[in-house]
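The structure is given below, and queries will be raised subsequently.
Note that the chains are named A, B, C and D in the order they appear, and that numbering of residues resets to 1 at the start of each chain.
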Amino acid sequence: MTINHYQKRYDEVSLSREKVFRDPVHDYIHIRDEIILSLINTKEFQRLRRIRQLGTSSYTFHGAEHSRFSHSLGVYEITRRIINNFQRNFPKSINHPDQWDDRERIVALCAALLHDIGHGPFSHTFEGIFQTDHEAMTRAIICSPETEVNRVLRQFDEYLPEKVASVIDHTYPNQQVVQLISSQIDADRMDYLLRDAYYAGVSYGKYDLTRILRVIRPYNYQIYFDFSGMHAVEDYIISRYQMYMQVYFHPVSRGMEELLSNLLDRAKYCYKEVPETMQTPIDLLTPFLAGDWSLEDYLFLDDQVLSSYINQWQKEKDPILKDLAYRFINRHPFKSILVADDTIEELKIAAQQVFTANGYDARYYFGENSSFDTPYDFYKPYPTSTKTQIDLITKSGQIVELSQASLLVSSVAGRERGDHRIYFPREILVTIRQKDAADLSLAERMINDAYQAETKDVTHQIQQRLF
Amino acid sequence: MTINHYQKRYDEVSLSREKVFRDPVHDYIHIRDEIILSLINTKEFQRLRRIRQLGTSSYTFHGAEHSRFSHSLGVYEITRRIINNFQRNFPKSINHPDQWDDRERIVALCAALLHDIGHGPFSHTFEGIFQTDHEAMTRAIICSPETEVNRVLRQFDEYLPEKVASVIDHTYPNQQVVQLISSQIDADRMDYLLRDAYYAGVSYGKYDLTRILRVIRPYNYQIYFDFSGMHAVEDYIISRYQMYMQVYFHPVSRGMEELLSNLLDRAKYCYKEVPETMQTPIDLLTPFLAGDWSLEDYLFLDDQVLSSYINQWQKEKDPILKDLAYRFINRHPFKSILVADDTIEELKIAAQQVFTANGYDARYYFGENSSFDTPYDFYKPYPTSTKTQIDLITKSGQIVELSQASLLVSSVAGRERGDHRIYFPREILVTIRQKDAADLSLAERMINDAYQAETKDVTHQIQQRLF
Amino acid sequence: MTINHYQKRYDEVSLSREKVFRDPVHDYIHIRDEIILSLINTKEFQRLRRIRQLGTSSYTFHGAEHSRFSHSLGVYEITRRIINNFQRNFPKSINHPDQWDDRERIVALCAALLHDIGHGPFSHTFEGIFQTDHEAMTRAIICSPETEVNRVLRQFDEYLPEKVASVIDHTYPNQQVVQLISSQIDADRMDYLLRDAYYAGVSYGKYDLTRILRVIRPYNYQIYFDFSGMHAVEDYIISRYQMYMQVYFHPVSRGMEELLSNLLDRAKYCYKEVPETMQTPIDLLTPFLAGDWSLEDYLFLDDQVLSSYINQWQKEKDPILKDLAYRFINRHPFKSILVADDTIEELKIAAQQVFTANGYDARYYFGENSSFDTPYDFYKPYPTSTKTQIDLITKSGQIVELSQASLLVSSVAGRERGDHRIYFPREILVTIRQKDAADLSLAERMINDAYQAETKDVTHQIQQRLF
Amino acid sequence: MTINHYQKRYDEVSLSREKVFRDPVHDYIHIRDEIILSLINTKEFQRLRRIRQLGTSSYTFHGAEHSRFSHSLGVYEITRRIINNFQRNFPKSINHPDQWDDRERIVALCAALLHDIGHGPFSHTFEGIFQTDHEAMTRAIICSPETEVNRVLRQFDEYLPEKVASVIDHTYPNQQVVQLISSQIDADRMDYLLRDAYYAGVSYGKYDLTRILRVIRPYNYQIYFDFSGMHAVEDYIISRYQMYMQVYFHPVSRGMEELLSNLLDRAKYCYKEVPETMQTPIDLLTPFLAGDWSLEDYLFLDDQVLSSYINQWQKEKDPILKDLAYRFINRHPFKSILVADDTIEELKIAAQQVFTANGYDARYYFGENSSFDTPYDFYKPYPTSTKTQIDLITKSGQIVELSQASLLVSSVAGRERGDHRIYFPREILVTIRQKDAADLSLAERMINDAYQAETKDVTHQIQQRLF
């Protein structure tokens, strides 16, 4: 492909007049390219309206009901702003590692817009039970000739689907494009921190996006940041840390996830093992129970379909499915206890004994969940992976890795934090607490002690979190 | 009921420690009463999470995906703040028309929280097709002994369900309580203007809530506002006007509504007349097709159930249902033309002729929609209705009706504004525009002229709007 | 001047790297031209740091302590953003009335930055007493060869000072440039509404600047607005109306102004008539007392100089000057009564009688102040004045004057509103109110009645305001 | 004093109606007590309008022109909100270490309002030259019978002045009151972080004040925070760290401070040593030159007086004073070089040699400035000082010191950060850079190398900052 060829196509498809969408986070989403508008109008992209960005988090932060549709528009918009700055300040005249090649514009914008297109309902939970993979689906939706998305991309350039997909899976040759979409500080994260904070109503996720857009730049075939913007980048990393600690890893949302996971597992069991007893028709889910589904089947799935099935399962005869569905639909999350690495195995055995003794089937009334995040990695020894460090560049051309320049970032760099928790119905704790200490079984006492350790001794909790 | 009796109950149910929910609009929702927390945890209230506040508006303002759950919490919170101020500044010692009787606290808070509990999916559209009535359902959910809401209310006071319902339908004796929930400037509107503006990302809906909360007061058995807050109240009315003009009456959202209405109508037809051809099981909708449904049936309906049925209807054989479902799910709204009162009838006939001639069944590919709002009524001659004027009271006790004090409000007072539109598929306009002028039928020419009148002559549009 | 000539100069002076200033209203002020940076660094521009934007308003809204320096940067920034949009969307290829000639860029930016450069301390009040004229001074500072501002402008282009001055006094041939700086909706007003609202902490002044920047456009040698932005423009006009009613015309700020005016008048009298009794050296003011001052003298004046003199006058022997200085420095504003057109003359006589009878010198303890604003004028029959109407243009090229399209704007268009007030020390009212009604003189009774009319009968107040 | 006595006084002085001031940071400042309103109206408090909160910072952040008046109202308002929560949630029935004694209300509010009343113009710089002490002046203004502040306090309670003063100097017996006004997380800091960030237009200073107000509580005769609010408190500490790094320690503001310091020093010299050559009368400063000044003299000083003198010094004959005054008034800050501990002494000698060689008097054209802050101290071994740690308390009563619970806080706890810089006129660097390397003197080379080290090798800079 030559410049001229590309340029010609691009001119052909410019909109006669810029179109805008009102957006609470970025004020306006600006669209100048017909291909972007066409992609937004595909049924595969419209489907993202029906998949919430934060899954079960809206059960903890009731305002956070926004969809992946809004987020995808936001990632597109941030990418567009970065690229516009690049083209204004670092336009490529010849092949140069420190400049931006604006022929990459469309591929970058499409990748930004479509990076989440393969997500299904309640992403990770659903994937765990039904063995789907949103990354594979993203590629499929982009590259399969049967989708509207693919048709729009192909109409622009027959190789565009493959290019866009390769940006998303990091194999695209131009790493500047890849890093705009996936790196420690990419358009994806830049949007979701601001957006999730806005909708959840917390202030932690806010950082100075305007400044970061001013200091991000192409350099050495990659993305760097001017050293003068160090504090804005530092603030972004701290915001990210705080959002994970405060919002994404909230124990109550994870209690809803564990509940959902067990619920879907039970539904799978019922429809597979005792289908004759089931009353709710679940035509859109059936292919996934059988493990034999098509791309078209996948595209019919969304939060609303799943939610409407769960709603109906409240009427089923199977007592476990019925009960779990009621708990999920009406927000009765599992309760949790923080567990330490050295005691987790025996505690799990104890917990299951207690559940069984109390009449709960431990397969469906027990959950285990670990949330660990590495808010800033400056080193990962896999050469082909995406960039895991943030490099700053001074006026005189000196390169400094972020955690070397920021005391705050160095405190969180390369360290995972999060916690292991076991989950179970709240009623179990109530039962234990109502008993005389003397009447507690050994297993009950272990559970009770673990619960007390968390609530009574906060240093225990802190120790668990920071490793 | 005596004060003592009431007081005792209230003390019994205070939470040992205030509970808060993070809210993007009000920062925090504060809960001190166990009854409020119990109501929020009922399945009928949790169902509001699954019904969007703005129906099809999120197809125009993509950020506005929030639910009636958030809004209901907001109305509760505003009511709570007002009442707290009342109790601090106007505590009732004896029976006094200018003071607040804090024994009304719980009934007011419950009514605020539950005022929307009877809403169904895509409210007015669904109601039009299936003859449901959200006001009747609100009363039913509150008063029917089978609901969790009713049980919680009764546990507090056996007469509470009836009291709360009567506040909502305006028959409660204490009109201060009624006006807090429904009047020109009530907690309901105060919340939705701010909330819808926040989520849509527009600035129009913002007004100075803090100031209004300072100047609202009980007076003469009703709700008045200190004259010193005139400009804040004026700003609220103007905000309301702007939100209706800019957001609530947006032609595109109404184009989605018309589409939905026809779609549901067609589905009703198909399931009633040719059920044997239908493949999608719609168990939760069946009772409504038959016109024989129970409160329990109603409570199983929500946006997700309806949306999941529409999703599946894309696979049906009936070409009209299949097509309309595709248009709705993938956001292809009907297009519209503004029509004048004097030409509407002949234009409608013309439109239907054109549709038929182009192969569209006019029963399902034509819509008519009027949006009229009276942003401020200072007089409605129905003595039993809710208060339709806003009264200001000066330091010396003089009463002034708002539109007498505000030039801006007087300009919108007592005047309806909005527009009549007819709706149809965009393809029809494309077809007409592709024809030679000479080949246009009379009906087509009328449609084309009307469309041109709107786009070419904006004064036409203005005239239609302002009457 | 040819394009080439101009273009060459412009390239020469671009900064190697854009410079930014953090700004609370516009986030960042962006500077790309060396001439702009040089102008900001002149002593005449730096002097604006020492002159408050809102004069005595900070005595009512304590947060509003910002200077004309910040405002001037803001006007520059808005102009820059508009021009950038113009150049992107309406670049001039040939001489065309609907396009933007980017050779005007520098003259427009300089005029925006310098439009207020001639302001003195406490503008209108000082001008009234000392016969200065900030418009004449603006021209002098720009055109006089002795200023740093003039030198910077001349270094760029010898005709630039005259061009910039003529933009500010509306005689520049290109009316697009003129209207960007002075018209009903210009960069000056756009900045001050947002900025004053931000600093005062009121929400009234907020409107959707982003949207207005999108819909403003060159047309027919003038500035027009896309009809699609009508509601944003309407909202701007309403914001302006509310800011005047709520902030700029606040009676307390005007009470401080009246006090200041009398105080300066008394100082003038003392230094002229009894200079030998005066102890405070006021070297920087002396030339103005004598009515014989130079541009250099003028540039030494600022709020701080004046304020420091007033501070010292508290120690003077003259009892009136001493007392007024104390009242001003320590914020004891004059109190006011609203007066009607038909009674104003006799009320003034009565007031002065009362003041004299109470031992106050009516020349210094009485003030009269009218505040009238015409928030939107659609017609002024002076052909040479600046544009007094806002024109909207539809997609099909139809022109509609704003008040024809907006019901809200039509309600305030062409109507002045404000009020006449007389001002005097609060003690006088106290004295009157402490007397028996029977002991009141006729004059005292008139004052008292007028005061009662305002406080007791609010309709009186409304009538006065709306004419 | 008994409760009854106190209570009676308090009731007597409640305002009949709450008064509010609009505030951009806290929305409204609420005033219910006549004593507070009277204190605000004193001339000593009004004087704070004429002293900027951030000194020379507005030369870097042009929006930050706010005064100590606004800040003092803000500190009062935060204290009021905390106390209201305390009284609602922890009312004292008997003498109890974990409760709040509301008889302390007035003393706490007065101390909050008056804590900065003794500040003079350009605080630390002025104090350094003229040996004034704002802490001593605060006590004097409160306790001296000649002030209006003292009179207002005494009218309420004859011991109140002494009590308020002792709160401010930390000797008041009730440490809860002391810690509200001065501790690691007190109303003073809580206000200035938010306020300075708001006016400077940076986002760093924002933290969740609402949440902190919910979790702050009286405990064990001191102030503690609920453990549940750990992340909000952590965010406050990080905000503070970022504000110091980004705003308070900005090298340009410090360059203006150094300039001011030398300028005042030169003025002092001129007026003392060669008074006969001086033309500007500086009556209000004279007592301070003589080192013999009264409280009344001090109260006549403010930014405006000082600034007006500096303005006039531009006309003096003394070339150094004239030049420094021009630089200060027209914002030409000294430039700086970062210096390391081990080289500082020889670098200072070199610098002074260079200055002298270039014709600058090193006494007035050289400055040295260290900015070090300890954003969070968890241990200071002085028993009588204010509390230097933040203690969290869990539901079960366990105490955890903040840096033990927060990884981020632990990274900044007990560590000073900041930098040593030497300051001098920008022209010197220009001169050096224009010379051939070979022609540089040894001293010049040292200066140049130090400058290059900072600009070229950023790790040098980082090392200097973090110790």
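Assume a residue touches a chain if its C-beta (ideal position, glycine included) is under 8 Å from a C-beta of that chain, and two chains touch if they have at least 3 such contacts.
Note that the structure is a prediction, hence the values are computed from the model and not measured.
Considering the contact criterion stated above, the chains in touch with chain C and with chain D alike are A, B. For chain pairs A-D and B-D, the one joined by more C-beta pairs in contact is A-D.
The distance from the centre of chain B to the centre of chain D, with each centre set as the mean of the Cα atoms, comes to 51 Å. In this assembly, the C-alpha centroid of chain A lies 43 Å from the C-alpha centroid of chain D. Across the assembly, chain A contributes 27, 202 as residues in contact with two or more other chains.
On the chain C side of its complex with chain B, the touching residues are 202-204, 206-208, 227, 231, 235, 238, 241-242, 245-246, 392, 394-396, 398, 400, 404-405, 407-408, 410-412, 415, 417, 455-459, 462, 466.
For chain A in complex with chain B, the residues that touch the partner chain are 21-25, 27, 41-43, 46, 49-50, 58, 61-63, 65-67, 69-70, 73, 198-202, 280-281, 283-284, 300, 302-305, 307-309, 311-312, 326, 329-331. Listing the residues of chain C that touch chain A in their complex gives 20, 27-28, 210, 214.
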